[in-house]
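Before anything else, here is the set of structures, which you'll find just below.
In what comes next, chain A is part of two complexes: it sits with chain B in the first one and with chain C in the second one.
Up next, the complex of A and B:
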């Protein structure tokens, strides 16, 4: 028979154990990034900043990062606009087979990502627009389209439509109401949707690998290739910088817009 | 067909609801949904149709009798008959189920613990979970290459404790893939379960206690069933993520631990066999959806839990 004490102790131990499992690989990677030796050693036998300088030696890293940022930024912006209209329809207006249509709109998340890549590359080859910047952009839009729909729907259901009615009764027309009342209230949903779409696109490998050829390349592809061809800790330095930037952005956005509550489900 | 007040009245007064009323009623939603539906039709539905067609065609190196009988199910038969693909399918589902189970076992106590700690600590843990969710998959997989490296932490601890005389190769096997997948999936599990736990009213946490039940009984009989919507959401998402894993087995596995996405990609990118590659990935997609469907059915019908 388990006692109450054992229960509390168990929850605490398992819970903190889980948290440690979640964070310790990242801390070890940061430690290894300052390693002086060519091989991965824990604990490092000497320290240096050499691997941070070596990031520049990853093949085409600057160009690839710019391509990834451009694709991720534009894909995230376009799907956030599409998703705002979509979320309005789902939350505010009636339409037939609503549950089925919503499930369809969210389905790209559950489809194997490689399937999206394989389907699109054949389609683009048939249309003769394969391996271009535009086809890569479209592929990433399909990949990320569902994320802002989710977050904007979540922020719309939290939101109070009577404020819009108040604006209308004070003489604001539909557009003014939308721009000055509706959009500002949806900000947490819009921002977390955009952010997630951006990060998922920026980090994507399985779709890009099918849609790029020749000179076109993305950051995850180059970093992946470096990791598979080299054993030195340069990717650890890259990872540390990546995690730091993402952490700063997420902490800032969470402080300002309280976006995490939108990911906790209905 | 009408589902709310005014149009029920309309359909009663007129024998059949007129097309005009339906059009007017659905016009705003139609206009708002048109762009995304058009986009997904063009770049999601049609490409999947093209891929389905390709999976029923023959590749130039396939036997002549196959070339003559298109559309054919040859590529699907081949997927089940060849040991490389059939083994990859079994392996993929084995890895996915183990990973989802482990992710659940690691994540549930975290969510219970989060409800017991102070507000600052709780928002700190939530932030950490969210940052992990946003951190790059390649970066997180790489961190496991570091942890499991020949001179990495695990090896040094094991050798230091005298469990192994010399470092072992811990990467490039199925368990390395599972550990990395569990790590990747944890935020997908923690966030919906924590959300579901938050929605359980305080009185239901107290009720079992007033009836004399201990915490273990309360967890098993009240809290766990009530958090099922979150558990279902988390496990389903994790399963989909694991079943379609591609980068993780590429980075932490070996050719002998290939998962389905890898085998399909190899057919397209290396062999240029679009037909078989399409059939392999279509088989995976169908099986994944089927399993999620059966899972939802079991949870709803047999466990009688509304998710």
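Up next, the complex of A and C:
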């Protein structure tokens, strides 16, 4: 069976090629972060943890990371709640122009982020709330809304709606049915939707750069500013920690909640 | 436990009438099968009783009290869904206890009743399994226990055995009958499977095209259906067109085509057209010619289908539609003796012939 073997070999080669292509930059970032010299060299001629200690020297990095985490957490939470209601409407109920509304809700994935950023700035200026923490929050919600809508719609179409009727026949009203039956069934969609939203908001640069002025700043903006003014591997050290934390969270969530498609998409 | 009455129930979507003046009544503790082909409105009737649908008009009452104004969760009906609809994120015990929790039954009492329900459906020891770790038959039992444990006024079963394979279905039929009898709960079984209806219920209501065609005990409906449609739906049957030739002394002679005529125990005007219904097992078949007598026909074997307990033989009688005859092996004769093309002699007991207009 030569052709059979050639086919398997081909698939394997492509698979490994893909993995290497995706992992190589991450590996390189980690390698560079342990570089002993000021200049980025590959392979490093010596190793040190100096750049990890240097992370604190990135301008306002602590404060900016907290702002980013706060914005990302709250935006993801609010958007997940909104997305649950939206997904229910899309999957369960007929309403006028459903296809158009659905496409519109998913549009932030398709529209260039820079265009969204410009639109948001003009909108916030018109409302006279531009460059505030609230406008940054709302901007990030617009940015990430599509992701939980998608994941929750997906888990909603996967489950058997007759279990809600079963709950009703056993004496549960609409609210109790929602809490005890619907919500637990949507858990994978809710969790992966929340995480998608959180991660995309947390490291977003192009939207934030439009919405941030003065004292307000976010983690990606500060890291980018540092990179544009310095050539040393400090951002690589920061990124390595960031990648490590995100990987651990994703692995934990996938194991704990059996969420499968979290690492796909985007 | 309660008596269920449905009167003049109608349900329409736009111009489409799905239910047309359905009248049904189930006595306290009895089991009624709602039998009909798919699309006849039986599931709509069930969903109206459960409260998932609001009928266009008509009345549904339990023990004389209307339930139409009540939402599902206040109706106290137990439901077993065709696909069981178990809660996938709860184990067996939590699935069964769900209705008790909604009724705020105290923990000790709840545990006692859950255990009793598990015993009733013979699933002790599987409390901590989740639904996806159970076989189809076990899921069916959990669904049944979950519906029964809250002691509903009415138990509604939607195609309860439809998703099970043959062996399991036969086994669950016996189980279901025992459980229904032991629990004494008024039950409605919705099914398109006539065997399920005949074997499980005290009464059958045959539903066709949105209305109740006929109601009766399984034996009555099988032996003496009042309409051709019920006869055809319930078991195998021969339906023959016939013209009344003459009537005398309680026996009427009808011509069924060619030069074949039958004597039937009914009065009808000479020259009128009637339809005859004959169950295949009420036609006797033999290779040897019969002595002279009434209702003898001669034909040729077209096809023989072996079914295990019996065989079905299609016999062509000149001028008459092919007749379906049931053959049973005896010590003297077996199905191997019957060959396609054989000439056979049929005799039909006049009492076995039903007349429809």
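In this text, the second predicted complex is superposed on the first by the 252 of 266 C-alpha atoms of A that agree within 3 Å, B and C clash if a C-alpha of one lies under 4 Å from a C-alpha of the other, contacts with A are read in each partner's own complex, and residues count from 1 in each chain.
Simple rule for what comes next: contacts are C-beta pairs under 8 Å (C-beta built on N, C-alpha and C of every residue); 3 or more make two chains touch, one makes a residue touch a chain.
These numbers come from a predicted model, not from an experiment.
**Q** Touch test for A:181: chain B only (first), chain C only (second), both, or neither?
**A** A:181 sits against chain C, while chain B stays out of touch.
**Q** Is A:74 touching the first partner chain B, the second partner chain C, both, or neither of them?
**A** neither
**Q** On the A-aligned overlay, A:162 touches which partner chain: chain B = first, chain C = second, or both, or neither?
**A** Only chain C is touched by A:162; chain B is not.
**Q** When the two structures are overlaid on chain A, which partner does A:14 contact: first (chain B), second (chain C), both, or neither?
**A** first
**Q** Which partner does A:223 reach: the first (chain B), the second (chain C), both, or neither?
**A** first
**Q** For A:172, decide between first (touching chain B), second (touching chain C), both and neither.
**A** second
**Q** Specify the partner with more touching residues on chain A, choosing between chain B and chain C.
**A** Result: the larger residue contact count on chain A belongs to B.
**Q** Can you list the chain A residues touching chain B in their complex?
**A** Contacts found on chain A: 2-4, 7-8, 10-12, 14-19, 21-26, 28-29, 32, 39-42, 82-83, 85-86, 88-89, 92-96, 101, 104-105, 108-123, 126, 138-139, 141-142, 145, 149, 195-196, 199, 202-203, 205-206, 209-210, 220, 223-224, 227-228, 233, 235-236, 238-239, 242-243, 246-247, 250-251, 254, 260, 263-265.
**Q** Any idea which chain B residues touch chain A in the complex?
**A** 1, 3-4, 25-26, 28-30, 32-33, 35-36, 39-40, 43-44, 46-48, 50-51, 54, 106-107, 109-110, 112-114, 116, 125-140, 142-147, 149-153, 156, 183, 186, 191-192, 194-196, 198, 214-216, 219, 229-230, 233, 236-237, 240, 243-244, 246-247, 250-251, 260-261, 264-265, 268-269, 274, 277-278, 281-282, 284-285, 288-289, 292
**Q** Which positions of chain C touch chain A when the two form their complex?
**A** 50-52, 71-79, 81, 83, 85-89, 98-99, 102-103, 146-147, 150
**Q** Quick one: in the complex, what on chain A touches chain C?
**A** 159-160, 162-163, 165-173, 176, 180-181, 184-185, 187
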